[in-house]
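Two complexes are shown next, each including chain A; its partner changes from chain B in the first to chain C in the second.
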Partner chain A sequence: MNYDLSEIQKEALLELLNIGVNESTNILSEILNVEIDLQIPSIKIISADKLIEELQEVGKENYSAVNMEFRNSFSGVSQLVFSQDSANKLVDVFTRQVLGNGDFDEIKAGALIEIGNIILNAILATFSNALEHEFQFYVPVFFENYKKEFFEQREKYIGEVVLLGKTLFNIEQYHISGDIILYFNIKSFNYFVNLIDQYVKKIS
Partner chain B sequence: MSKDKKILIVDDSVFARMAIKKIISKKFTSISEASSGSEAIELLKNEKFDCLLVDYLMPGINGITTIKIIREMGLTTPIIVISANQQKTILDKFFELGVVAVLKKQVSEDELLNAIDKAIGGGA
Partner chain C sequence: MLKENFYKNPFECYDYIPIGVCIINSNYSVIYWNRTLEAWTGKNRNDVLYKKIFDIYPHLASPKYKTRLEMMFSGRPPMVFSPMINHYFFPIKDASGNYQAQTATLTALPTNEQGVFNLVISVENVATLFNRVEQYRLLKNQALDELNKRIETETKIKDYAQKLEQLNATKDKFFSIIAHDLINPISSQYKLTKILKDNIQEFSKEDIVDIVDEIEKSSSHTYKLLENLLTWSRSQLNKFVAKKECFPLREIINLAIADVYSQITVKKINLTIDESCITDIYCDVNMLATVLRNILSNAVKYTNYGGKIFLYCNKNENFTELTIEDNGIGMSEDVLSNLFKIDKSQSMPGTDREIGTGLGLVICKEFIDKLDGHIRAESKLGVGSKFIISLPNCPDDTKNQSL
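Coming up: the complex of A and B.
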C-alpha cells in the first residue's frame, strides 16, 4: 500500500494543522491573558515504531501529557506533551486566571485536562469542520508520567502506520513550552486522504 | 475596484496562496506570490504593488518583521494580514504597523474582497 501524500495534500494538511493549532492558542491566550508563540507545524507519515521513537524524543523524563482520542471512519490521538515544570507553571497561571487561586496539587490533573480539552478540541474541530466529517471525541486523559505510562501501552500502536503532525508552543512570559502532537491511525488512511482531496478541490 | 490593481500574496503555504488566489482572481488579474517575507521584500525593491496580503507565521522572518521592514523601506502600500493567529497582542502589533485589516484564516470571499476594496480605496 502506498502511504505517500502528494505535495498539495501535504500542504493542505499542514495548513489545516496550522489553522487548528492557532485556533487553540487564540482561545488559550485569551484565557491566560498571555501571548503564545507557535512553531511552524510539521507533518510526516511514519511507522508506529518510528512514532514511538519520535515521541520518545519529545517525552523525556518527567513529562506529562493529555491525550484525546477521536474515532469515526478514521481514528487517532491528539496529544499535548510538556515537561512537568512547564505543566506546573501552566496550571499555576491557569488556576490563577480562571479560579483566582492555586490549590495546586489537588486540581493539577483537572486543570491540565481542561487545558488539553480546550487546545485539542479546537484542533480537531478545525479538521472536522474543514473536512466536513464528524469525529467522535473521547474525554481527555492525563498522564502524570507520560514516558512510563505511554510506553507501557505501546503495543496498542505497534504494527500500524501513522500520520504524525507536530508543533511546539511557547509562553515566553512564564517559560512554559510544550508539544502539540496529532496522529492518525493509517487503517483509515485512504478514507482520510479522500477527505483531504475533497477539501483541496473545494478550496483551490 | 479596478481589475488592473496589483496584488502580492505573501504566505509560505502554497495551499493558502492557492486558496487566496482563487478568491481574488475573481476581481484581479495581476496577482503575484511570495513564499516568504524575504522573497516579498526582494520583490518590493523592484516592483510596486497596490495591496499586500501577508501571513503571520512563516519560516525565516514572520509577518510582523516583514511588515516592519517594508515600512522601513518607506513603502506605504496598504497591507492586509491573513492569519490563523488572532491573539490580541499579535493583532495589536499588526495594527501599530498600520495594517488595514487582520483577517482570520480561512477567510471568506466577501470578507477578503471587501477588505481589499477598503485597502485600495483608502490606501496610499
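Coming up: the complex of A and C.
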C-alpha cells in the first residue's frame, strides 16, 4: 500500500513538527539554562514493518522509547525513540551528572520521560491547535530495552502507518540523535491527511 | 467514600489514593487539596483553598515551572516533572529533613466552560525508590572504583614483576660478561705475556710479532668490551640524559666510521655513503655516534672480505630513516627476533672469528629510545642485514615541511 504524501502535504507536516519542537526547545533550554538546538530536517511516511530499517541508529541492540497516546476522531501513538547510548547521554546532559551507561534505572527513566514528554507534548499540542482538533491525551509511558521485535510487532496493535521524523539535538558539545514517530491505523491516517489538506488550504 | 460526599465534591475521590493531588484553576488558585497532600505538607486544605499556588510555593513562579503550568491551561497533553531533573514539585520534607523526591504529572481537566481547563497536579512520592537507586548507584560506583583500583594495582604488580625480571636479566648478563667475555681474553693476554716473558730468548722475532699481534687483538677487544660495559652500566643507572640538538648526520656518520676504519681497510670492504644522508638530524651527537659505531662495527664483523656496506637515508615529514645495509652472512630468524633483548641477545662469531657479547645492540636500542627514535633490523641468512634507524627531524625542518 502506498502511503506517500504530496510535497505540499509533507512540507505542511514538517512545518508543524518543527513548530512543535521549537516550542519544546524553549522549555528544555529553560530547564538546562543553555542554548538547545533541536531540528527535524525531514520526514518519511512508511509502513510500520519497515520502521526498524529507517531508525537513526540502525542495528543497535536496544532502544528506549517514550510513548504518548492521543484519541478522538482519529487516534494514534506518538513516540520518541533513542538508542540506549543516546538515551544515557541525554539524561547525563539534562541532569548535569555523568551517570554512565549502566542500567537504565527508574530514576533515569523518569528524566527521559520528562524530556520526551516536553517534546511530544509540544508536537501534539501544535497539531491539535493547527488542525483545530481536540484530542484526549494520555500520560507518557516509558519503554526500556525496546528491541527490534517490538518495532516489527507494533503495527499489529498501534498502527500500520508510520510518520517518521529524524531528530538531532545539539546541546553544548553534544550531538544526540533520535527519532520522532507517529503511528496511525489506515483509517486514522486518512483522517489525519484530510485535516492536513484543510490546514494547507487555510494557510495558502 | 460516602455517596453523598462524591456528589457534593467529585474531586473527593482523590482523598482515597496514596498520591498527592492538588487542583488549580486558570487563575492559579487552589480549588482542591487532597488528604495525602495534607498529611505530607502539614497544610490543612482549608488553609490553602483559594490561595494562589505561587503564594504557597513561590518557586513555582520561576520560568522553569510557570511556563509549563501556563501552557497546560489550553488543554494540552499531560506534562511530567521527574525527580532526577527537578527533585521535587512541592517542597515536602521527610522525617530526616530531606526533601521528598517526587514525580509530578500535570493533566488538563476540562471544565463546564468551553475552552477553560483546570489543572490536576498529581504528585507521587518516589523518595524510597530514589534513595535506593542513589544508594545502588553509589554502591555500584564504589565497586567500580574498587575494581579499577585492583586493576591498577595488578597492572603495577605486573610492571614491577617485568622490571624485576629485566633487572635480573641485566644482572645475569653482567655477571656472564664478567665471568666469560672479560675473564677469557684477560686470561689469554696474561698467559701470552707470561709465555713471552718466560721464553723471550727462545722466540724468533716473527714469533714475538705474532704473539704481540694476538695480545693487541685481544686487548683491543677487551677495551671495546669494557667501553660497552661501562656505557651500558651508566645507561642502566640512568646517567645518560640525551642532550638533543640539530646536527649534520653526515658528520656523526664520519665520527663513527673513524673508529671502524682500520677494520674496514683490513677486510677491504667497499663502504658507500649515499648523498641522501647529507641532512640535519635532531639527536644527542655522542649517543648516535655510539649507536652507529656499534652497528657499523657489526656490519664489518659479519661482512666477508671484499664485501659491501651501504648507508642511505630517507627523509619523511617528521622522521629521517638511516639504513645501514651489508651483504654479509646475515642472521637466522631466531637470532633476529632476539637482537635487542638483554636476556636473549647473543653474539655470533664474525667472518674473521671476531667475538662479541651481544651487548652493543642492547645499548643501541636504549639510546635510540632515549632519542625518541626507533630501530629495527631485517636480515636473511647468506644474503646480508639491514639496520634501520628512524630519528626525529630538526624542529625547523618539520615546521618547514608542513608549511
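Throughout what follows, the second predicted complex is superposed on the first by the 142 of 204 C-alpha atoms of A that agree within 3 Å, B and C clash if a C-alpha of one lies under 4 Å from a C-alpha of the other, contacts with A are read in each partner's own complex, and residues count from 1 in each chain.
Simple rule for what comes next: contacts are C-beta pairs under 8 Å (C-beta built on N, C-alpha and C of every residue); 3 or more make two chains touch, one makes a residue touch a chain.
What you are looking at is a predicted structure, and each value in this text was computed from that prediction instead of being measured.
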Between chain B (first) and chain C (second), which, if any, makes contact with A:118: first, second, both or neither?
second
- Message: Quick one: is A:70 in contact with chain B, with chain C, with both, or with neither? Answer first, second, both or neither.
- Response: second
- prompt: Does chain B (first) or chain C (second) touch A:95, or do both, or does neither?
  reply: second
> Which partner does A:31 contact after superposing on A: first (chain B), second (chain C), both, neither?
Replying inline: second
For A:40, using the defined touch cut-off, is the partner it touches chain B, chain C, both, or neither? Pick first, second, both or neither. first
Touch test for A:18: chain B only (first), chain C only (second), both, or neither? first
Regarding the shared-chain residue A:49, is it in contact with chain B (first), chain C (second), both, or neither?
neither
Check: chain A residues flagged as touching chain B and also chain C 26, 30
Chain C partner, complex, touching residues on chain A are 26-27, 30-31, 68, 70, 91, 94-95, 99, 102, 105-108, 110-111, 113-115, 117-118, 120-121, 124-125, 128-129, 134-135, 137-140
Seen from chain B, its contact residues with chain A in the complex are 12-16, 18-19, 22, 57-59, 83-90, 105-106
The residues of chain C that touch chain A in their complex are 63-64, 67-68, 71, 74-86, 101, 103, 105, 107, 126, 129-130, 133-134, 136-137, 140
Listed in rising order, chain A residues that touch chain B in their complex are 7-8, 11-12, 14-15, 18-19, 22-23, 25-26, 29-30, 35-36, 38, 40, 130, 200, 203-204
